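Okay, so subunit A shows up in both of these, paired with subunit B first and subunit C after.
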Partner chain A sequence: MTGASTWAKELFATPLAALLTLVSGAFMTWLGWLALSWLLFHAVWPWQPAGLCAVRTGLCWPFLFEKTRLILFGTYPFDLQWRALAASLLLLALAALTGLQMIGRTRLRVRAFVVIWVSGLGFAVLLLSGGVLGLSPVPSVFWNGLPILLFLAIAAIAGAFPVGVLLTLARDQGAYPVLRRFATLYIEVARGVPMLTVIFVGVFVLPLMLPPGTYIAPVPAVLIALIFFHGAYFAEDLRGGLQSLSRGQREAARSLGLGYWKTMGLVMLPQAITRSLPSLVNSIIGAYKDTSLVVVVGIHDLISTARMSFNDPGWRSQALEAYILVGLWFFASCAALSAIGRQLQKDRETERGRVSQE
Partner chain B sequence: MKLLTLTAAFAVTTIFTGAAMAGPVLDEIKANDSLVCLVNPNSPGFSVPDSQGVFQGFNTDFCRMAAAAILGDAGKADIRGIGFSDSMKTLVARGAHMASRSITATGTRDADTGMAFVATTFYDGQGFMVPASLGVSSAAELEGATVCAEDGSTTLLNIADWFGDRGMSYRVENIADKTARLEAFFSGKCDVYASDVSALNSDRLLAENPDDFTILPEVISAEPLTLVTQPDQELEAAVFWAFQVMLNADKFGITSGNIDTIRADLDAQPKSVRRLFAEDGATADMAAKLGLPQDWAYQVIRQVGSYSEVFERHLGSGTPFNITLAETQNASADQGGLMYAFPIR
Partner chain C sequence: MIPPSPPPPERRRFRVWDAAAAIILLGLAALLVRNILLNMQDAGLHPGFAFLFDEAGFDVSESLIPYSPDDSYARVILTGLINTIVLAAVSLCLATVLGIVGGLVSVGPSSAGRVLASGYVELFRNLPKILVLLVFFVVAVNGLPPVREAVSLGPVQISNRALYLPALEWHPMLWIPILSLPLGAVLALAWRRWAMARFAQTGRPVPIAPVAIGLLAGLPGIAILLFDVPIIPSVPEVQGFDFEGGIRLSLQFAVMAAMLGLYHGAQITEVVRGGIQSVPHGQFEAAHALGLDRLRTMRLIVLPQVLRIVIPPMNNQYVNLIKNTSVGIAVGYSDLMSVVGTVINQTFRPLEMMLVTMGLYLILCLAVTSLLNRWNAALRRREATS
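For the complex of A and B:
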């Protein structure tokens, strides 16, 4: 059967299907026409004067040329923006390395991996903040746009992972029932509260708990809140992996004479993590997208710098372009994350297939 | 400007009461050779980053004014965009020297320690915008109207006061995001859009056809938007009088454009102008007492400009906001406005 006839058969199988096909087809044509006229027919091209953008209704290329750098780096000092760029690339490289490690393209030892992560994050912060190695200091209020989004998302996910491991270990044991109950309570509370509340707590309540006279900037306050929030989600993902292992694994490790930490560290957790990777990737995508909510407490991530770009008095009708640019970034980065998730799923299926054949 | 998170900010403020004594803030600014000034990160016309990430706008220029007066160089203002409640906390915790971010001076705010209200740079007030097709010419005719306003702001409280006092019924459409709120109003979801008059003027221009919308004459609240500094008598005096120099310059038609020619031939000028800019004038006397550069008044005008010049540059007829200074409360007292130039002598 050819492709075209399969299509026709599915789209026009019954009169109702045909009607639905026609209606949705018309709707899509209309949407496509709108998109085309915005993208092409009414667009202001790069070689046309920017003044036209206020009059024409289409995509304003001059705006993108003028403001993309502002949307990416915000108010980071203009001549130091190479540092913000380098920090962003470094953070992206860390994320890419982690993705490759997850799908088994790189096989770094755990210790080397942790060292790369800690030093990579530290170096990114150093690049952003300066104050050493002859780099002039830049306070965290100027870390805007892409670098702050990547830093908060990646540092929060990296910090939340060990928190999640500890929580899941505390919940998945019987020797200390009080500890288990506390871990359960913590996880349920953290998962039952919206992230917006957690961010507000980080910025407005956390400072109240610190000794008087200290001031904690929003960036570290929010980072701490995010780590403890995402930790609860990761804990549940990991617990799923841990519970799917057969009792025999634990008993075998015990009978070999391994203590609790070795049983967990060498036998149980590595398998549990591998098994829970798909759901972990899911949580990571959620955590990454949620990071943009920090805009409500005055941290200027991409959404906020996009707003700055079209609040410049000369460019006030270009909100759509700015939001589309940010949307494209989130779409591309989330697509990369989902690609990792799909690859993991595929690997597991081929593995299962191999096991059943043996 | 006026979020309800204000309460949280001042709850925190009370912790820092130790930091409230008058102190050598001015000395610190001079020692650092930099003045940290907080602005609203995203307020069109008042402070918004340009394409290079440098804040520009009406409020921003008063940070530059202070830096020009104290350090002799407007470029030494370290201007940082921070949200409202955070900028209060930062100021009180001594993380910044001043704030120029459209803060309404109110009694309870001034009674709090840790910050000082210094000079009102913009007199604003809350008003209403309606579609011209509604045929309303006064806010008193708004019985039963649906009002679009910002969630969690004093705007809503002012509306409640105003409609409540007159026994009029109304309904609020509470939309937090400004773009969405304006869209709701322009598309007819609400009858009335409430905000500060200065914002109404610029927001009206975002409509596809601005002439379809009119701003009602009633101004229902007083919003004196005021510069705030860390408490320090010398710093407060320097900022206050730098602002007075800008108002005085307007009185004598002095701008950044003609200051150099005027200064070149001071003897031909009125005595008041000589007192402003002469090397043995009143400002030089003040400079010695406050520890400012001897020519601070000249630097303020040359690098920043007079008050009307700053207003015109960011909000005037050459800008999308197209506000005529003389028609607002911010006109000079001579023109019937509220900007009254104190004598410098």
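For the complex of A and C:
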């Protein structure tokens, strides 16, 4: 009772607070009303005829029952879609494992981790493309929906990480000025242009750069472009971590007789990566969300398959349902990534507290 | 006294290896260029920028400068660039206002407001911008009435093709009040300087804001009366199949501006919230103890400190916003990116076009960054001297 009354007091403590409460309360009520009438009052329920969706303005359940599979897997051959599903689950498992590793729930050795990643990605590609082990081949144009989104996002992030590390190392040394300048220029340019321009370079310019007569499909071309684009962002995050380490670390490693690669690989990079994990997770979330931009060059990720689903005559007015389904997926997956980021931030703060107490 | 010896010069090692690295990089570049030349030769093209002056032959959905399909590729690129800049400028203002309001509400006294603000931030932080854009577009196209039955909000007309705003009938004489604005600004700054000096000398406060506002608003007003500048409002009215008069904002532009404003507004909300929360609570209490009211505390104590913290991340946001205008290609807004997409499809000159496009985006981003950096440096200098 007292809790409720103090709460009410807080909501209307000053004229300003009262005004804010009223305005935002009214706004939220309006949004809630819109949501309720869409979800419940004007909805077409699963047991009602689908034809009703064209007249009613609310959520159309029959559409979701009919089209969710199309939105998830697009034009991947219908009776082979178990492979697309398996590949998606495999990729999700890789992502989940990495998340657990980041927050310290699993403690795999680096080598084991790399082996798991490489074999996992390879196996996912194998499942999607087929052509061996009696799996019938499926060209990459048909890898639609969830699997292509996950594959492009996860493979690009995994590939961009070593690129970022190499760029950071090139930028953070003095022995090779040419390499340092090149890395700096590359990072600044990549961070100053829109991702779409880089995707365009991948699709249109990259094929020109290959020896005459070679062909590269759009999916690998975009993947290469994404790897080099995200690499620049990761490099910037890692540089922050590397610069926050004290000089003494490097000097101590050197005086122990470690060479450059051992100093970096055993002493500097592990600490720098741990320190830059929160900002790396932010960049990863951005990279994951931006992967959906590939629809512009005709790769059918979730957003594009959502478009396919309401392009059927008869389902024209169901665009919102399709997009909200995709939105729910993105919201859930990004929220999971953000949770990892928050956990990392918390770990870091408690660690800092412990260090300052000592 | 023996001066301390200078540190030993860094030994110049690995010069040979550095040269080798440079040669390897150059060799790679040469290989790529060779492949490009060979490939273009196969397609019967010579690399170069002369094609920019050929006739473009395609139309754009909207243009702020006179443009027809007979004009050159260079002109169509300029058209797209101007569309990008206008869109960026409008959404930058929208995002900043939304972000500041959101940030203030999220540290405000009402918990209902705080819930709303954090819901807003979470929603837009976890969705891809292209999805937000497409949802807005679908809702606007399906939810708004056709032109003949446009919704009227006073003089503003909203249809599912475009937004129509009232404007002024253009007349060359309008330059007089427009040019009097910077004059007013200069006079206001001079008044401020004089008033500050006067205050420092006598200790008596001299009004600054009312005089400055009077100068800024009054000068154009006087100019209009003095030169008898024609002020003719132009209100959109139905003429046949479309509205005539006023300003026409295409639905694509409106949806893009709304998406960019809301999407980056959410991120700026977080920036502003972080900035305000980083001001120690003691600062508020000290200001209160000095007898400053809420508004003055904000304006004189909190805001200057927030500004210093907030400028670098804002810089980042503005650059991201400029880059994100390129998403307009997904709804057919004729910005730089979508114009370039069409040009590439027509000419098959991706290399030249991407060099031009990336260069233009880089210049835009660098311009905004250097402007904000300069402001930041000025703020820090002022802080150091006071």
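Just so we're on the same page, the second predicted complex is superposed on the first by the 352 of 358 C-alpha atoms of A that agree within 3 Å, B and C clash if a C-alpha of one lies under 4 Å from a C-alpha of the other, contacts with A are read in each partner's own complex, and residues count from 1 in each chain.
The rule is simple: contacts are C-beta pairs under 8 Å (C-beta built on N, C-alpha and C of every residue); 3 or more make two chains touch, one makes a residue touch a chain.
This is a predicted model, so every value here is computed, not measured.
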Combined model on subunit A where subunit B meets subunit C, clash or fit: clash
Contacts of A:Phe142 with subunit B and subunit C, given as first, second, both or neither: first
First (subunit B), second (subunit C), both or neither touched by A:Leu179: second
Partner chain in contact with A:Ala319 - subunit B first, subunit C second, else both or neither: both
Broader residue contact with subunit A after superposition on the shared chain, subunit B or subunit C: C
Which superposed partner A:Pro218 touches (first subunit B, second subunit C, both, neither): first
Touched partner set for A:Phe331, first subunit B, second subunit C, both or neither: second
Touched partner set for A:Pro194, first subunit B, second subunit C, both or neither: second
First (subunit B), second (subunit C), both or neither touched by A:Ser304: first
Touching partner for A:Phe204 - first (subunit B), second (subunit C), both, neither: both
Subunit B region in steric overlap with subunit C, selected from 116-124, 188-196, 278-286 or 332-340: 188-196
Common interface residues of subunit A - those touching subunit B in one complex and subunit C in the other: 204, 207-208, 212, 307, 317, 319
Residue ranges of subunit C touching subunit A (in the complex, touch as defined): 10, 13-14, 17-19, 21-22, 25, 32, 35-36, 38-40, 42, 105, 108-113, 115-116, 122-123, 125-131, 134-135, 138-139, 142, 319, 323-327, 329-330, 337, 340-341, 344, 350-351, 354, 357-358, 361-362, 365-366
Subunit A residues within the subunit B interface of the complex: 66-67, 69-70, 73-78, 81, 139, 141-142, 144, 203-204, 207-208, 212-213, 215, 218, 297-298, 300, 304, 307-308, 311-314, 316-317, 319
Footprint of subunit C on subunit A - complex, ascending: 7, 10-11, 13-14, 16-18, 20-21, 23-25, 27-28, 174-179, 182, 189, 192-197, 200-201, 204-205, 207-212, 289-293, 295-296, 303, 307, 317, 319-320, 323-324, 326-327, 330-331, 334-335, 338
Of subunit B, residues touching subunit A in the complex: 5, 8, 11-12, 15-16, 18-19, 41-45, 48-55, 80-83, 85-86, 89-90, 93, 95, 179, 202, 205-206, 314, 319-321
